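Read from first to last, the chains carry the letters A, B, C, D, E, F, G and H; within each, the first residue is number 1.
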């Protein structure tokens, strides 16, 4: 076979394998997703997926859903109510697809999530109007393209962990997200962890793990 | 004056400003550290500091200490006992200075910390012998130079947040830490947040914030 | 003419020239392949080839074959049974096209080859289940995208040469394969030689030469 | 001779040639500075200069001065009182040498200049306390290392031109100033022009020209 | 909603928010533009916009216009006659789209603007024929691809601020505009501020702010 | 108008302006070419041109020709017989388009030109078979992709100037021609001048100028 | 302790751990080397080591040796006579330190080794004079700085595996070895595996493993 | 031995091997130079050489000379008077060491050479005053750091070959000469061949070969 599902993952990581659909044929991606749905009781996710994967999966398993903006195909099986509070901040409207991928991941992993959009530093008051929500967060996810300054500004305001996601929104010397990536890695505010460019999924995953720590176990 | 201390920071961030000593004259760095010691009740830290800064500070404030390996000058004022559990893993002996900077930061910020050294993936069994400690951690910090593969391997084993710190240990196409930085940002394991190359301080700071979330507040 | 076949190559290199089809018109590629088939008794290969090249070649020489996944057009003329043992490990399903190109090259060059797929380090036990096969190899080829950590882990387990192939599977700061390329070049395990990004052919070729050394000549 | 002074420059540019001392022997730099002092009535500046250049110049022309922080040797001949208002903002204490080079250039070119230090975005309130001064500026110069987010934040607050200077203050993935350079070039706020890394002189020069436009001519 | 218009911006910056249409769906871009037209009395601009955005906007608000070359959708509401004088110089015909974006921005922001095209340094006399116009400018915008030398040459001729815009016109080691970007940042002439590659809008915006300073306020 | 033809160029450079068609509309390119044909007696060339430009030009001026491989539209007006001897060497068949652009440029500029194809260093004897032709050259142009080693090898054999052209033929860590570009710039053989990646025109132009020097004037 | 020796390594890899001395204090490096000498019967190696490490080690264990050119401290314990045949080719005299590191590694790992120096492609006949030795090799190691073309040329001559080592010998656009690294990764000859810049040790190690395969086991 | 002199080179290249002294011990460099002086009748050159090499050589062969600025040790044996005319233009005083290396190489290779210094494009009239000399050249060498625009401007003025040498004079985003290197490779003027950063020797060598073509042979 072309794939070997990691059945131990739910045990080890508390969440099953997530399928990275890019570079797989729709048939391969669909088959892995369906096998996962059969061998786990948890939610199932396929990231960076075209709609054809969804169509193939839905034929067999109509309970799967597809989010076009996030390009995610998923099966939601969350039983218990969402816990904690993760605030996802998107600098601009163009960063929405990545922010949405983070939000969807957080929701599938059981985190109570709030999305705040279009609060880039070019108009700082827009961010400051949300201070109450921001201070109420257990973890924050900052999604920003262009120069990614939002991560520094948010990081300077809160005493909670910040997960920063650079996006490829920009052009020229942006170099496909390099500008905000370097910006976030070099942020003068402390308490920021960075994930790969456009990796909304990874940011959501990390934030969900951190958020979970706030629950008494 | 050449500096404006951010007195609000303890309120906002739960920890006072940390002085970045590089690019400051020893006199400037020392003066800021002493002013911080006077205006806050918390611990005080100066990172990337030569020993001359310490000598200047200690003349006025002998209770300051200096850690040569971590290149940190600091004043420890922690009252309450350390909480939680952060495990810091260093891939090689050469990564120790950065790992030590992380450990010291964690300790000054009140986290109970364990350091495990020389467990790079070239001899995987060395890592696997520590599985009990690893599984007991609330958060993990992985410090690695060369190709930084340790972050992926550890990330694949645990269901807790991992903070990855690439180091500049390597040569040639390592490009001063670029190799492990890219490696960590592109890790196939999920739940990893990355900080800047050699930024042991930043990793410790972020891990301390995450670790703190595990305390019931 | 637009090409000058290197007729000495079989003498010098033990294998005829291999046609790199990219940047050639299908007509040019097809003509060179047919000329090679006529002037050598060995197998003939065209890499990075679209299916149109195959269609043109097959009109004249129906014994040619085409592998869509590997994008290779070839004529298999191996007489003697395959020798030695080369194990090709692919980190993820998305790395299959490159792995397949390596496998096909190895087979055409007479190496006995085993392919193991989807054993990335995010789920290490999947790799460890194949330890017997891995230890039985004379040479190993590791094909990995993302951060390419599989090369280091495999390199740390065996006392045989490892050929590492970074793939372009990834996005953002992956920079088209740069991340795993740097990772493999800086691997902390010894005994690894790296080839170009996505160069499954080159890896197979090198591994075949090494594998051949194990035969008593 | 090793140099050809551009005597037309005062006519053309309203200010004489400025000597870039790096890569010149102290003797060469000193000789050019003295020749400039003789052939122009305006102020004379030598940038990126070690103190030895100053010592050589001062032997002949004791009215020259040296600023160690800015590494500038200069002869101040400003007759008319300074005009307009340029505000130079430095993100951190470590950015002071570059900020000082800008301030000195502005003063030598006749601009009324205010310097505000240590107002990085990690503690935003420090910046906001200076809003009155900031709004009173005709032009602003923002000097910042690390991730350079200060330029975006300032650019979002004012309706005046902003000249942004990235500095080499930082380490690791800062790549000697690349991080704040890209940040400033990609700033989401409009009205920002960027100069080379550490080029305090160039920023001061440009700001002085812009400031001058506010005078009725 | 997917967007939060920055209503304060006209107050703060003297000009309303400008919509960056890339990465937004045409529906999103159109809706924001129409909302801006309703909540401000100033001109409205959408940059990097396909014609579909215009079609959607024009259905509701036929007074909007579209400039295909500049890829800008806009609503011109300038009441007062244009002021000052900005000269925009384009090195080659291929740089026209970027130059046109600058010109349109300048006109919408009330600057009197002259465009001079095809005066690259390979034929210097073409530039020198326009010296009168060049010397009459309050500010200059230099738009150049290839090696971007025009910025240095113009910067060496005038005593006015120069805004330099590198373009992506070129190939090979041009690296999408990196060559002229570095060229402009390292220009040996003083008084030059650089904006992002292909950022005609940003250059026009900055030049308009500078030009405005020449008006007695 | 959108273009200003450099009528002095034939005087200054001995050859009229050459039109770079990329980034121009076919209409613009065609109009400039026709205007050039009218105002000069020399040959006329448009590089990097699609066939549509040719169609537009040929409607007005049927004596123009189009070379699809070289993507050049041109009008040949050479009266005098070709002089000297330029040898153009292409490493592989895939480098032919760039080599052909060089050859065509050389022929239009009056140089006697020989093209030798497919003599890459992987089969050195193919090159060595042409030693007589190579030694007879006044100037050599070496066109090579992949690692571009052919330039060094040729440069080590001859006492004549070598113009090296890296091509974008390759993939992965080739980075669009960066690999052979760096290779050629760092060649251990002396007497090599390098032009931009894929710049067959520029190589031909330079070689034509050098070749011309061999004529007694 | 600061280090955890990998005692299993001789079992797993057939050779004990090799100490990378850079980034370790001389005390740390020396202590690890002595511990290795005590716990293994095989040879012991410390790479990239200053002479102080040797002095510390030799005090305790005078049988250790130091090679200044290769910067290696080692204890030779080879019992059986060297086997096979590895030819190490160095392009220039300046590449000798890296070549020597490879040779020493090969000898300590039991390979019969020949070193050929100063056979760069600028004078190809120097290489061709050694054809007999070259054809007699089981494996070849090619060490080259500048543009690294030697790897391609050698790779084109032999039917044996080639291990290529780029060196940092060069300047300017060499970028510390990037030029020959890319050259070797993109070599048009097949059968080449590349190691990190200046990694003579890694090349020797890999070549020794390959060479060993030629022995009947 | 550590070196193999290429005795054929004078035959093949018309000039003996030139010793690159960097990375060689002074003893090695000196010995090679002396051996060359013994085995050839032509001039002998060692580039990038410290003065210690000269001292060692001069002990044995006092007729050698050393140029400190060019860092060249050489033995001049030119018999015939210099021929042709090469004009070397240096943009700034700081570019003199590289320009001097070019001039010395040209003189040792028998070219009649003129050096013009400090004619950068920031003061264009300085260049234009030398138009007569410039037009009289058979070949031109342009040496420039900063943005390297001088190459384009000179290239646009002459109908002779131009050899462009980028220098490392600059800072920040200059990236050690990358800025002028890219600038020269992308020059909009035709007829320019570029050599490596700071490679005055290489430029002189190439220009000497071109200049020689103007002599009737």
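In this text, a contact is a pair of C-beta atoms (placed from the backbone, for glycine too) under 8 Å apart; a residue touches a chain by one contact, two chains touch by 3 or more.
Given the structure is predicted, the values throughout are model-derived calculations rather than measurements.
Path length between chain D and chain H in the touching-chain graph (shortest route): 1. Common partners of chain E and chain G, by the touch rule above, are F, H.
When the contact pairs of D-H are matched by residue number against C-G, D-E or G-H, more than half turn up again in G-H.
Distance between chain centres (mean CA atoms), chain F to chain G: 42 Å. Note: centroid distance chain A to chain F, computed from Cα atoms, is 50 Å.
Chain contacts: chain H has residues 12, 92, 122-123, 156-157, 172-174, 178, 181, 185-186, 190, 196 touching two or more partner chains.
Pairs of chains in mutual contact: A-B, A-C, A-D, A-E, B-C, B-D, B-G, C-F, C-G, D-E, D-H, E-F, E-H, F-G, F-H, G-H. Contacts from chain E toward chain F in the complex involve residues 92-96, 117-119, 122-123, 125-126, 145, 169, 171-174. Put simply, chain C touches chain F in their complex at residues 1-4, 6, 8-9, 12, 17, 20, 22-24, 28, 32, 48, 166, 168, 176-178, 181, 196-199.
The touching residues of chain C, counted against chain G in their complex, run 12-15, 18, 138-139, 156-161, 163, 181, 185-186, 190-196, 201-202, 205-206, 209-210, 213-214, 216.
Those residues of chain F that touch chain G in the shared complex are 91-92, 120-124, 146-149, 152-153, 155-157, 170, 172-175, 178-180, 182-190.
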